[in-house]
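Each of the two complexes below includes chain A, the first together with chain B, the second together with chain C.
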Partner chain A sequence: MTVEITINGVKAKAEKGESLLEVIRKYGFVVPSLCHHHAVEPCGSCRVCLVSVTDNGRTKLAASCNYKVREGLDVTTDSEEIRRNRAMVLELMLAESNAPQVQKLAAEYGVTSSRFSTEETKALAAERDGCILCGLCVRVCEEVVEVAALNFEGRGDKRDVGTPYQEAPQNCIACGACAYVCPTDCIGFVEEDGVRKLKKWKRELPMAKDPSGRPIAPQFQLYYFTQKAGLPADFYKKGGPGSR
Partner chain B sequence: MEKFNVFASRLIPKEDYVCSGHRACQGCAEALAMRLVHKVLGRNTIAASATGCMEIISSPYPETAWAIPWLHVAFENSASVGSGIEAGLKALMRKGKIPKRKINVIAYGGDGATVDIGLQWVSGAMERGHDMIYVCYDNEAYMNTGIQRSSSTPLHAATTTSPAGKAIGGQQTWKKNMTEIMVAHNIPYVATINPSYPFDFMRKVKKAAEIEGPAYLHAYSCCPTGWGSRPELGIQLGRLAVETGAFPLYEVEYGKYSVQEKVEDFRPLKDYVKLQRRFRHLTDDQIAASQERLIKEYKLLLKKEQMTREGD
Partner chain C sequence: MAKINSAKELQAYKDEVVKKVEAAGKKEVAVCCGTGCQAYGAKDVVAAFQEEIKKQGLDDKVEIKPTGCHGFCERGTLVLMHPEKQLYQRVKPDAVAEIVEKTLKNGEIIEAHLYDNPATGEKHKLESEIPFYANQKRLILSNNGEIDPTSIDDYIAHGGYLGLAKSIEMGPEKTIAEVKEAKLRGRGGGGFPAGVKWELAAKQEADQKYIICNADEGDPGAFMDRSILEGNPQAVIEGMTIAALATGADTAYVYVRYEYPLAIERLTIALEQAREKGFIGENILGSGKNFEIKINKGGGAFVCGEETALIRSIEGKTGIPKPKPPFPAESGVFGKPTNINNVETYANVPGILREGAKWFTSMGTENSAGTKIFSLVGKVNNTGLVEVEMGMTLRDIIFKIGGGVPNGRKFKAVQTGGPSGGCLPESKLDLKVDFDSLTQEGSMMGSGGMIVMDDQTCMVDVCKYFLGFLKFESCGNCTTCREGLRRLHELVSLVADGKGDENTIPLIEELCETVEKGSLCALGTTGVNPVRSTLKYFRDEYEAHIKDKKCPAGVCTELITYEITDACTGCLVCKKRCPENCISGDKKQKHVIDTDKCIKCGICKDACKFDAVRIF
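Let's turn to the complex of A and B:
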């Protein structure tokens, strides 16, 4: 069902139940976000995409990525109050993360150092190595790749994203989708000496090679594809020029 | 094939700003390159187009494939028009006539419009330091007017104005190295891109958009009609061009080189050449000589990378 909403005074049409953030961006307004991706369910973990929404005469600040569009919403994407709140969110995030992407976004909101930074949070930031616990890798692995090799663990300040028992996940096919979506590039996807490595998950898979000795993809990944699609076992052994 | 969900390609933006239904030939890698560029740049973009294949196929009157503001200008001056758009937007934002926001300005042209006819316009726009992107879609000849040679045509390639016969055997000069000309302008970002490596391609376009100041991208684009290759081989030819050293992938950021998809053992150039009709008159000696020169240039490139990265 099509509904009509207002974004910064501009009349906009959208489907009911769509993500508000995507509608805002479709109409060309800029709202920052770190944890949102169109291919997976929004979860609103980074809170950077805060906007002011007026629904039925009540105005509130809400994370726009997981706010479902309804008839008659009046949305403002930039104001003094919104900028102040985004700056606070980013300042909190900056205390626990040393990722350059977070620092850059924070600097846009005038935040260059965090008042919440202590020895403890610095140690935590070093341990997480840039990870902001947005959970995009977890959602992508589950919803897009359908392997579900990753998940959250722990609670509160012990919360972390990782693999079962902190060991290399045996079902990970090293496709690299998690490294591709990661907003802070903290997963460490490298290929060297014919081995593909995902450093954060400690997964290392040897690469299959085509007849001329160039790497194609991890052997286990090709095995997974042949199993899933019911292909003959030697399907990927034929190779050819530029077969990668 | 749908079962595979092959994965990262599912995560790139879904919206297209160069819509399907345009009139490009079957297997045109140039249209693919253009589509990928605009996928990355997104909605807040203004494009200025030189005359050429990409203008002809995307806007035959009264149709258009463009979902963003797009201007068609003369053969030579898309770069000047791009720089004018950028300056105009800056002035309007300064005067408060339009809200301040990031608007990507892109100018593009084919290899004829960039390397021959529009060279001084491109040079001027880059030298003045406008915050814009210039993309050259290099299909190595004037394809839309009927395959005439340009200075970007590789050695020995047969075109209608450099035919292979008794008197001459195709193009007589080596391909002009446009990327190095742009590097010599000392602009913030210069890169070569190839749609056969889509993730590298999109990363470089994104970088070009984010960097303050002018950026130049040189896109390899296979042309089945002009090259006489089979339409389904576009992506494979792109890979072969990189693996044989014919079109190395590299970027130069503030004067610092870095080479992507490094080749250690070169694939024989014959693999690349034999798939294209424009090279069918080539003798083994000519191929060997070309390969030798390509490898020499590649080694020079690696040396440049090493030298500019010293002390990092």
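Let's turn to the complex of A and C:
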């Protein structure tokens, strides 16, 4: 069902239930975000995409990524209040993440250092190596790859993303989708000596080679693909189109 | 047991039960067996009574009834003798033989077991004379002292399921209209009109609808819902069944935390009995409608009390809240329309149907009708469960019912609404308690926790405690809540440790805005209430910690020292109890604490009979 909403005074059309952030961007307005990717269900974790929404007569700040569009929304994407709160979110994040992507975005909001930074947070930032716990990796692995090798653990200030028992997940096909969507590039995807490695998950898989000897992808990943798509078992051994 | 198939059969069955009880002519002795009294040994008291009445040949004259919580937990184990409603308090098993012989056999009152009013020195014989009970309006809790929670006949004899029968007769539309007219608001904390919720769920077109009863009571110090489930589970089942027939649902979940084993046990028994009688299951009261209730045990995460997180938990997922809309009434458990209310809300429903909306709105205030149960705890003489009409002042609840602050200390603050509520000072004591007034003052009704604090409580320390609870219980999804509450806790801890500076309070206030506005669910948005309310009403205490490096209440360990004054008689007690062995001094000599070694545990102060240990 098509509904009409207003974005910064501009009338906009959208499908009911669509992600508000995506509609805003479709109409050319800029709203930052770190934890959103169109391929997965939005979860509103990073809170950087805060916008002001008037819904049913009530105005509030809300994360736009997982706000489902409905008739009559009146949305403002930039104001002093919005910038102030986005800046505070980024300052919180900056205390625990040393990722250049976070630093760059924070700088755009005038935040170059965090008042919450302590020796403890610096140690935590080093340990997390940029991760902002948005869980895009978890979501893409479950929803798109359908392997679900990753998960959230703990809650509150003990929340973390990782693998079961912090061990290399045996069902991980090392496809690298997690590394591809990671907003802070903290997974560590490398291919060397015919082995694909995902450093954050401690997963290493030997790669299959095409007839000319070039590595294609991990054998286990190809096996997963042939199973999933119902392809002949030797599909990737033949080389040619489709092998890479 | 045969099924009851119509309102007429129900009435006939009720008359039969009442007649049977009357014919037996037994004196009923209700022994409180709520979780609190069980901890005092209520089960042993019941066993002693049963043995003793047999021994003294009163089998056919007296019936011992283990019941749910009577509310006056401070004075357990409570023994209430019907029909006069004489109350014996603090009854121990060894007192039972005398009670049976003197009181039950010969009608003599034993003074030692009566409630002695500390304010007047008077002894009260009847429950209704005790100020704790006299000032309450016990709509829901009154049955707790009357009925055996494991006997559906008892519930029926007290008018049980007549509300359901009436609702079937009225039909869904009129039932919803009645609940709307009664202005019944959600007792779980939100205060959203239940009738409006029901109507929204009823309007949805779907092949399946659900009912959920939120019994995930998570606020520290709150036990209203547990006591209702333990003492009167049938009322909740009846309320849920009425809601189900009104909204068109056929399946329900009671989401109750596993830490409530007694509530689960009683509810399980009650469900079985209700099924046998045909109040749930197939063809309810001959209406042709079916409805089944299942129990879902929660793991105890605080955030699972939030309705969308609770729904996810029932679905087998991690309890993480979702944005609303869509509301559960539109898309709830398994994506189906779901009506979710709290235990106390459902427990109010049968009465509204039975007695009518006008009866209900005759109690309470304009916008908050009826009564509310509070768990009155902390530094108050009469701790326990109290049920009062909406609109009663905090002062009346704390001083008239609660009997004021013990040990002659001064009242300082009352914390309402659980961890996300606020602390209100003495100047707000005349506030009339309802959903709106508390929110206006920066606190909230919440599910009904009420923690009284005296002048030995440090408000910075209290704020630190609640923030510590919230940061641990946050689901951790929103950065603002996960990191924001953690940093707030850190900053308030800095203040408590005397390490705050002139930038600390402004930073706390700045961060509060983002945690409130930037978080998704109420855990984050109201999580700043403890900070805001203590800063608003007790700012001077924060400033004393920061500027003077002093904790005025003598609580924050980094800012206090324990010293022994000249009042010391040299009795050696503190010296013996000190876990750090840092008190020196011989017998009959003034003792001295080595402040460098002292860990400020306060054991010496508690142990001293001469009040010679002081905090500086």
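Here is the rule we go by: the second predicted complex is superposed on the first by the 239 of 244 C-alpha atoms of A that agree within 3 Å, B and C clash if a C-alpha of one lies under 4 Å from a C-alpha of the other, contacts with A are read in each partner's own complex, and residues count from 1 in each chain.
Criterion: a contact is a pair of C-beta atoms (placed from the backbone, for glycine too) under 8 Å apart; a residue touches a chain by one contact, two chains touch by 3 or more.
Since this is a predicted model, take the numbers as computed values, not measurements.
Superimposing the complexes on chain A yields a three-chain arrangement in which chain B and chain C fit side by side.
By the touch criterion stated above, A:Phe225 is placed in contact with chain B alone, chain C being left untouched. In the superposition on chain A, A:Gly176 makes contact with chain B only, not with chain C.
Shared-chain residue A:Gly28: touches chain B; no touch with chain C. Residue by residue along chain A, chain B and chain C are tallied for touches, and C comes out ahead. Judged by the touch definition given at the top, the superposed model places A:Arg159 against chain C, while chain B stays out of reach. Applying the stated contact rule after C-alpha superposition, one finds that A:Thr2 touches neither chain B nor chain C.
Of all C-alpha pairs linking chain B and chain C after the chain A fit, the shortest spans 22 Å. When both complexes are aligned on chain A by C-alpha atoms, no chain A residue touches chain B in the first and chain C in the second. Those residues of chain A that touch chain B in the complex are listed here as 25-26, 28, 30, 37-39, 140, 144-146, 175-177, 180-181, 212-214, 225, 228-229, 240-242, 244. Contacts from chain A toward chain C in the complex involve residues 43-47, 50, 55, 60-63, 66-68, 70, 81, 84-85, 88-89, 92-93, 95-96, 115-116, 118, 132-133, 152, 154-159. On the side of chain B, the complex with chain A involves touching residues 1, 3-8, 10-11, 13-15, 43-44, 101-102, 196, 199, 235-240, 243, 265, 267, 271. Taken in their complex, chain C has these residues touching chain A: 301, 303, 318, 322-323, 325-326, 470-480, 482-487, 490, 503, 507, 510-511, 513-514, 517-520.
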